[in-house]
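Below, chain A partners chain B and then partners chain C, in two separate complexes.
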Partner chain A sequence: MNDMTPSPGFDVDRIRADFPILRQTVRGKPLVFLDSAASAQKPVAVIEAMKTAMETQYANVHRGLHWMSERTTEAYEAARDAVAALMNAPDRHEIVFVRNSTEALNLVAHSYGRHLLRPGQAVLISAMEHHSNIVPWLMLRDSHGIELRVAPISDAGELDMAAFEALLEDGKVGLVSITHMSNVLGTYTPAERIARIAHAHGAKVMFDGSQAIVHRAVDVQAIDADFYAWTGHKLYGPTGIGVLWARRELLERMPPFLGGGEMISSVSYERATWAAVPHKFEAGTPAILEGIGLKAAIDYVRAIGYPAIAAHEAALTEHALASLSAIEGLRILGAAQDRGGVVSFALDRAHAHDVATLLDRFGIAVRAGHHCAEPLMHRFGLESTARASFGVYTTQAEIDTLATALVRVREFFA
Partner chain B sequence: MSGGLDDLRDLYQDVILDHGRHPRHGHRLATFDASAKGDNPMCGDRVEVFVRHAPDGTIAETGFDARGCAISIASADLMAETVTGKRPDDARALFAAFRDLVRTGACPACDAALADPLERLAPLAGVHEYPSRVKCATLPWHALIAALDGAQEASSE
Partner chain C sequence: MQPPFLAPEDETAAAAIAAIGEELAVFDDWMDRYQYIIDLGRKLPPFPEPWMDEAHRVQGCQSKVWMEACQADGRLFLAGASDAAIVSGLVALLLRVYSGRAPEEIVATDPAFLRDLGLIEALSTNRGNGIAAMARRIRDLAMHAPTAQVPTEQMTPT
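Right, the complex of A and B next:
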């Protein structure tokens, strides 16, 4: 995956044709969508899969004994198989469907955190987490007496591995929960190494793979992870569905997160017993159509292939770093060796919100703000940045459009 | 690359760029009677407004300490300018009119007595096209009104 040239099979024009929204104009200009890290656009395969399900094959799952319910259950459960294969999970029952990464992280904080961590133990995160991998731990700290530790990062935006290991030394850390790729800096963290060190100190390890799985193949067995969370809408799938993968023995020991239908084995007024995993964690009617859409998204991504996607995005990122860093007064956050398709930047003369509004006038969509990572912004002495992020459909020409527009923006604020 | 920034002049008029970069009132007052903070957690903008009253109760001077975009700084600065000499109730009425202006781009029902200060604030009317930016323009006003009401913190909209 170090090969920077897109594979010959990668035809960005053909890929763009799969995304109807890219034909839209914004303010009279072709849409230049550089905000995929917030949420990616959807290929026609996903749109059609959900539409076809609604038009031809839809009922509630796991409960009806009728034809429609059986077929819908098959389609929905096929999504679980697709997710298991995507992550190389050893067992399809280890795939828990949730709403998004945030819910996956909260599920682990509630269920594992409150029941299998003891007060006095610690959770270790990094200094480049999204709020969704900070706030659940603050809540657990306050409700359950768990200490929260934060492993520092370097100015380049890489995890300080020596400091990370030192924070595990006293053996109090029960769980390490760390991003696999920063949504602000683009940094990939060395997941295998993190898992090895965490395990050597008796801690379990969870990865927030919200960004990572979009750009590269994830193999939970190769990483030797214990938990891995991600969210469907960033992987070209629908909103409202996300994934928590966890080792089966952990899921077996963890109590349910939410109670209700679907998650029980039997219920009386005296007690309820839980369904087997993963259903124990899937209370209520699940996101059926979204599951079907997610499978279509996974099939789409796998048909292009991660090696081709990673090469395409590495080339884009390299091009973006070169062209943006050539702009006077523009500072790029982070300079990690191993990074994915996200570039955050600040202009000396203009606030990130003004930059985003001006870029919008060129039809360019970027995100501006703290990117749900306030502590990380403060780490770099900033309140906000603008961020351009790339997907399978992003072109070098779009990055050139961004660079040219940024030069104009800077002149505007001269 | 044509167009683009030229149409942006309706939002970022010279007055806004100028006051955004070089605010005249962007400082704490050495002595003040009231102050309040405003915070926009969505974007991290923050402002603290300081007010000194004249013996007759009118606003003698307003200053602010702000961190934010050009629109919020310019809005704070033009606010400080236009409320000087006003009675607190007139400042409240001016804010109500200004809020209509930045939300809708116009203020048809506005009191003729406010015509002068509103004309001064008119360069900010362009934000109505950007609903997510309206708060940038109103944040300093919320802090001002909170200070006039004796509150420490502006309640967000």
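Right, the complex of A and C next:
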């Protein structure tokens, strides 16, 4: 795949026009939004899709026999088709709608971890996971006697593949759960290789694709994954809707996560029987409008095209790494060969909190803190960093504004 | 009162808030204002190293804030610190307003002055900033101080 070829059709100014929020000024300065990895801004297409649904086509889904419910169900289920196509899932019934990646990971920890892993087996994660891919496994360990193993990373922020494989050697690992792209280091993990090695040792493999799917095409069949989780709001969609994709045979064997309406086939006071997948995992009224918004976001991203997005962001990241590393006293975390549009950094003279507070006065939005990845911060001997992250609408000029402001911030703390 | 606990320099909490407002108004540039706040933080009495632990920490995930309190002569004295420079300055402002005051005066003094001065965006909702949590902890301590003469309707936790 040649993601680096710039797309002649890619025009960042035209794309920025699709995002109304970017026209704002903050503290009298043009908004420089470099916090897309936390949550991305929304294009008009998403805003309009949700508004139109509320104005013209809304009722509860999957249950009404009336016209409005049927139309709404069609629109909502079209989102499932769009997600399946986006991830190249072989079967639309393998798409489970959840609230976010965190819920997807918890669903797997509960329904797969508690019921299909045996006490004494292990779950293997990496040393660059978000808390949402650590805490569910700590809970599973404490409640179910599952061992938690952590594959180390290099100083460059890449997964140590030899150590990773060694941790699988004894055959106790039942599930590997690893980020597809680090939210702190920007590192892409070699998903195909991870899946091949995990499977060779009898383990299933899950990827936290919250960051990865924003920046490059994800093909769950090419990866040969067993589970893949991501969230809508980072992909220019609404909050409150995320995706768990899993192989159908796994979903069939897993018991439900939450009980309630929508997920049953029949209920008496003696017993309940479950609806077919994916509905047995979708208890209660789903995020209908958010599903419709997510489809609009997917259509938007696919219309631009992943090759164009990846090329634009690769150029931005290269520019950011060059500009920021030229600043004296600035340390960039990680130097992975294969990385995406997330750059975490620390200034020698200033706490990340101070850096972010002063950048805010320049109209620049960055994240500061441990990025919900405390163990990873400690791996690099830090408590916190500032993080600039890029999206389709980010410009080279914005990165120049950041670099100029950072020089002033550092002078300020001289 | 001995360091690290801060003795009050203004007559009342209200006078301290007014004085802070006047001092900050001198600067028309935000960088200068922050420089002034950072300097206030640097002038704080050194916070004892052994107190920089979990027991002294107030919640907040972007920077660390520690505090300790003691009572003398019916007044509450405070000490505090942060690992970030601007936050240390905000700690200094809180201590200047609240340290060495009677519990009634502390409870009656709304920490909204930090927001009114444009130093903090959202006092009640931003869990990232330890300052809001510190302001809550100070008022909480004052409400439960044995010497406090607090009207019962103000005792309800907020």
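As a convention for this text, the second predicted complex is superposed on the first by the 409 of 414 C-alpha atoms of A that agree within 3 Å, B and C clash if a C-alpha of one lies under 4 Å from a C-alpha of the other, contacts with A are read in each partner's own complex, and residues count from 1 in each chain.
Convention: a residue touches a chain if its C-beta (ideal position, glycine included) is under 8 Å from a C-beta of that chain, and two chains touch if they have at least 3 such contacts.
Every value quoted in this text rests on a predicted model; they were computed, and no experiment measured them.
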Chain C versus chain B on the shared chain A, clash or fit after superposition: clash
Chain B versus chain C as contact partner of A:Ser384, first or second or both or neither: both
Which of chain B and chain C A:Ala350 touches, first, second, both or neither: both
Touched partner set for A:Thr404, first chain B, second chain C, both or neither: first
Greater chain A contact set [chain C / chain B]: B
Contacts of A:Gly369 with chain B and chain C, given as first, second, both or neither: both
Touching partner for A:Gly28 - first (chain B), second (chain C), both, neither: first
Doubly contacted chain A residues - partners chain C and chain B: 350-354, 357-358, 361, 368-370, 383-384, 408, 412-413
Residues on chain B engaged by chain A in the complex (per definition of touch): 1, 3-5, 7-8, 11-12, 17, 21, 42-45, 67-71, 130, 133, 136
Of all residues in chain A, those that touch chain B in their complex: 28-29, 350-354, 357-358, 361-362, 368-370, 374, 377, 383-384, 401, 404-405, 408-409, 412-413
In the complex with chain C, residue positions of chain A that touch it: 350-354, 356-358, 361, 368-370, 383-384, 408, 412-413
Chain C residues within the chain A interface of the complex: 30-31, 34-35, 38, 61-64, 83-87, 128
